[in-house]
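I've put the structures underneath this note.
Heads up, the next two complexes both have chain A, just with different partners, chain B and then chain C.
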Partner chain A sequence: MDIYLILGLNVLNGVASLFLLCVGLAIIFGMMKIVNLAHGEFIMLGAYATVVATNAGVNIWISMLVISPLFVGLVGLVIERFLIRYLYGRLVDSMLATWGLSLLITGIVTTIFGNTIKGVQTPLGGFQVGGYSSSYYNLFIFAMALVVIAIVLVVMRYTRLGLIARATMQNPGMSAALGINPDRVYMLTFAAGAALTGLAGGLIAPVSGITPGMGAAYVAKAFITVVGGGTAILSGSLAASSLFGSIDQIGSYLTTPVYGQVIVFTTAIILIRLLPQGISGRFFKGQL
Partner chain B sequence: MNLSRRRFITRSTILSATALAAPVVFRQSAFASDKPILLGSLLDLSGGLAASGVPMKYALELAVSEINDAGGLLGRPVKIVGYDTQSNIQLYSQYAQQLALKDRVDVVHGGITSASREAIRPTFDRYRVLYFYNVLYEGGVCDRNTFCTGTTPAQTVQKLVPYAMDHAKGKTAYIIAADYNYGQITAKWMTKYVQDNGGKVLETDFFPLDVTNFGSAISKIQAAKPDLLLSALVGGNHTAFYRQWESAGMKGQIPIASTTFGLVNEPETLAPAVSNDIVGAYGYFQELDTPASKKFVAAIKKAHPDSPYISEMASATYEGVHLWAEGVKKAGAIDRIKVIEALESGISFEGPSGTVTLNQATHHTTRNAYLAKVEDKKWDVLQTYKDVEPSDTASVCNLVKNPKDNKQYVIKL
Partner chain C sequence: MTKNTALLAQLAALVVVIVLIALVPGYFEIFTVMQLTLFASMAVLALSLAFIWGFGGILSFGQTAFFGLGAYAYAVAAINFQDSTPAIACAILVPALFAVALGYFTFYGRISDVYFGVITLTVTLILFNVANSTSGQEYHIGDAQLGGFNGMPAVPTFNAPFDPSTPLYPEQGWYVTAGALVAVYILLRVLLAGRFGRIVVAVKENETRASLLGYDPRLIKLVAFTIGGAIAGLAGALYVNWGAFISPNAFSLSLSAEIIIWVTVGGLGTLIGPVIGAVLIEYIVSSIGSQQVVNANLVLGAVLLFFVLLLRRGLVPSLQLVVVELWHRARRAPRPKAEPSAAATPAGSK
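Showing the complex of A and B:
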């Protein structure tokens, strides 16, 4: 019995981490059709921001929840102004440019911090469920995923800012005719996506080995999830991360971590074959 | 500047005359002959493995500069021809060809992962370039052209497993390892030594190098309830395991012994709560308290104050270069076969880890092994095992009887 409870917690944690890691990408890809191959490096920057701030004496919660998203959001803003804004509507070019960007960011971080493993200690302790133990931090990650869902939902659906953003993505020409500056909306949306990615990086910092090359381990998973989810930012990435996150955890528990990954990738291939537009292209059409 | 044809000719004549005269004017005749002996080096100085490759490069440079300060080899200076393989196997193959065919080096020291070694070893066999692999590994390489100077499982895992089992509450073990040739083969050795000590391996799990979430793995370990956890996890992503293990409150419940932990700088960067009491066994630790070790660490730190952790990989590289130099001196020539024959005659070197002796039959080394435990961000060396033989490789490989043997033997269970 206990094992099912602990397995359930693992699944929740897997789904929540995956959702947090891909929601920023979903916003940038889903709304602006920019394939941001530097997504993994944004995660890495968020993790480094938390490590550096915490080691400099800042409270770890402030580093994770404030400094990481702010810092990566600012980086995103600068990158949008100098690079991304020339690439809207140029899907292939955006891939090439952001791939180069990812190499540049990795290089800069390596030059500054060296190529060694960094880290901060995991806050909160562990707890027992019968013969098993898990960490409160897993529950915290789950709670943070809920918070992010709530924020994205409220901002997009119930605020004027969200309305403007959605309108601009649907029809930039018409929004411009109504007196909205699409350029600014794109800029802010990109920065918001980057900030959420930075938050995810900060949140995984205490449970990862942090190196300049760590982004590579996340970027593929995040892309599979976003493509599997389709264009609806919230429902799509939520559905896809629930699917892939639980398959990954249950698969690697029942078989081995190697087959766990094989099962996830096989599922992704079948999913894209059956639903080329992603889950939300079929089931949550027109939703957020 | 206005350059007329005549002026151009005058100037270029002067320039080329100067260039031609330069060797005569500036010649510093420290060596009897100036044609250097070329030592090829293939190490990852950037990318994921740089933290291992950089100290190896420092150790290699230290050894070569010591050799040159002592007058070089055969009256000739030794020159390093080095390439950064950027943690990329494809570049290993490419640069190996370049070292063999274009640079025509006399020896190559290099390779970090077992995957990289197996990528370049055939190239050096084919083009007859002497090759030294100076890293601890899973053992079993049997190749007359190759010398492996690092420790093998019989020298480290064989010491580590009994020690860890004696200090664990019972006799059952759970193995977690990286999913490539090093992890797969090391896991087999772990299983063998657990069984040799009357224990039982409950389960062995392999992890691809990009696994970052170990939640289900930790649950599986909890379900199996082993008395001891043996880890051969590799790389930055895998250090997440130790953090998640601690945050799940498992620290101190099941002891961990590892054949890879602490080869880079994990004890230094992980919090003591995460890393304390993890046990490891290697051929060298930076914390080793002998005069030779202190001198070695001081020399590297003097040249490179912010060098990453100096592990067995760096000390074996240093010792590997010196062993090769002893071989060349004894052979009195740089000819490959003469050097191999000299190296097979029982060459020894007093290095930072103690006396290192090359074995004729295996082309591996008899060397000291050390066992240590992480204590407050540092290794605390607990045991010293003198002159341990590479008996795993010796049991399958005999290059005296079969000099043409060329394969990597893998243990069968």
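Showing the complex of A and C:
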């Protein structure tokens, strides 16, 4: 019985982490149709920001929840101004350029910090369920996923800012005619996506190995989730991360973590073959 | 230039290249010959993407999947058969079959470019992870231990066809690798000049129009993709022959990125450009590897960004433009008028 409880907790945690890792990408891809292959490096920068700040004596919660999103959001802002804004509407070029960017960021971080860095301890400690142990931090990740869902939902649906953003993505010409500067909306949306990605990076910093190349481990997962989810930001990425996160955890439990991933990716390829528009293209059409 | 003189010029260039290849072992140290062999095998890999992306319009972010599969297939078969002849056949067949399977799921699903890129990237990562996880005695195919993260050392290199007792010397390895590069290049040129090549390009230019003319774009793309996969597999076998060693790094994302960089730098839509790009970039990477000041990723990333943003055409097409420009200036002849583009026609004239 206990094993199922632990498995359930792991599934929740897997789904929550996957959602956090992909929601920033979902915003950037779903709203702006920019394929950001440097997404993994944004996660890596978030993790590094947390680690560097914590090692410099900043409280770990402040580093994770404030410094990481702010730092990566700023990086995203700069990148949007110098690179991405020349690439709107050039899908293939945006993929190539952001891949170049991902190599560049990896190279810069390796040059500054070397190939390894001292990690941070997982805060909050653990608890026992029968013969198995789990950590409160897993529950915290789940809570953070709920918070992010709430923030995105409220901002996108109930604020003027979200309305403007959604309108600009649907019809930039029309919103420009109504006195909105689409250029600025794109800039801020990209930065917001980057900041959420930075937050995810900060949150996984205590529970993952931190190297300059760590982004590669996440970029495929995040992309497959966003593509499987389709264009609806919240419902799509939520549905896809629930599906893939559960399959990953249960598959890993039944076989090995590597084959768990293989099962996830195979499922994803079959899913895209069956639903080329993603889950939300079929089931949650026109929703957020 | 008439068609005949162009053909003659190409044949002359081919003869020059073959003579140069024959001369290399006599003029260079064995170290340089080995390095050139590596570059030639990478150039074959570059040709595989140059074909499917530049002429088929299929942007595969995971051409290393086929490269790695070819390399592993060669290694496993060579260890089991103790003869490289059937092993090379395996190195071409296994990735080709894998390309058929992957291509069926993607092209027949009518998946867009972006999703195709993401899927090929993902497949490469899966293979990388799987290859990494095969350490331990229980992972073996026949006599071949897969070796996980450490890879497979001491893979038999090429031998004379059907004669395992005569392994090839490094110089002969160079002839085989450079010969394979020339052969693949000629094969692709012939293919592209023929009917199938024209259909491939037609599908790339306008899928709807091609299908209205009665061609099945899905099938055409699948065949082109499979040819690309087979060539990449051959490159994998040539690579293993160079180092007598294969590790999961053959599937790595950084190699995938490098292939894209070769093609982008050399010039998309040409065959010779990516070959030049591969040799140039690999030379730069190996020079960077011997010092510790700048990181290779940093340079590769900067190069890719530079070419995508500022020199999108790539080296070879840009050079062609410059040469044509100089040619016309030298002759003081007016340039041939460019075709009036859509933007040049006055608005509302339709």
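Quick notes on this structure:
Everything that follows uses one rule, which is that the second predicted complex is superposed on the first by the 286 of 288 C-alpha atoms of A that agree within 3 Å, B and C clash if a C-alpha of one lies under 4 Å from a C-alpha of the other, contacts with A are read in each partner's own complex, and residues count from 1 in each chain.
In this section, a contact is a pair of C-beta atoms (placed from the backbone, for glycine too) under 8 Å apart; a residue touches a chain by one contact, two chains touch by 3 or more.
Being a predicted model, the structure only gives us computed values, none of them experimental.
Judged by the touch definition given at the top, the superposed model places A:93 against chain C, while chain B stays out of reach. In the superposition on chain A, A:110 makes contact with both chain B and chain C. Legend: residue contacts after superposition of the two complexes on their common chain; A:256 is shown touching both chain B and chain C. Within the superposed three-chain arrangement, the count of touched residues of chain A is higher for B, of the candidates chain B and chain C. Within the superposed three-chain model, A:206 lies in touch with chain B and out of touch with chain C [touch as defined at top]. In the superposition on chain A, contact of A:265 is made with chain C only, not with chain B. In the superposition on chain A, A:122 contacts chain B only, with no contact to chain C. In the superposition on chain A, A:216 makes contact with both chain B and chain C. Residues common to the contacts of chain A with chain B and with chain C across the two structures: 110, 216, 220, 256, 258, 261.
Note for the complex: chain B touches chain A at residues 46-48, 50-51, 54, 87, 179, 205-208, 210-213, 215-217, 219-220, 222-223, 225, 235-240, 243-244, 246-250, 253, 264-266, 269-271, 273-274, 306, 308. Interface residues of chain C facing chain A in the complex, by the touch rule stated above, are 59, 61, 105-106, 108-115, 117-119, 121-123, 125-126, 129-130, 132-133, 253-254, 257, 260-261, 264, 294-305, 308-309, 312. Interface of chain A with chain C (complex): residues 35, 83, 86, 91-93, 95-97, 99-108, 110-111, 216, 219-220, 223-224, 227, 256, 258-259, 261-262, 265-266, 268-270, 272-274, 276. Those residues of chain A that touch chain B in the complex are listed here as 3, 6-7, 9-10, 13-14, 17, 110, 114-122, 124-128, 131-135, 137-138, 204, 206-211, 213-214, 216-218, 220, 248-250, 252-253, 256-258, 260-261.
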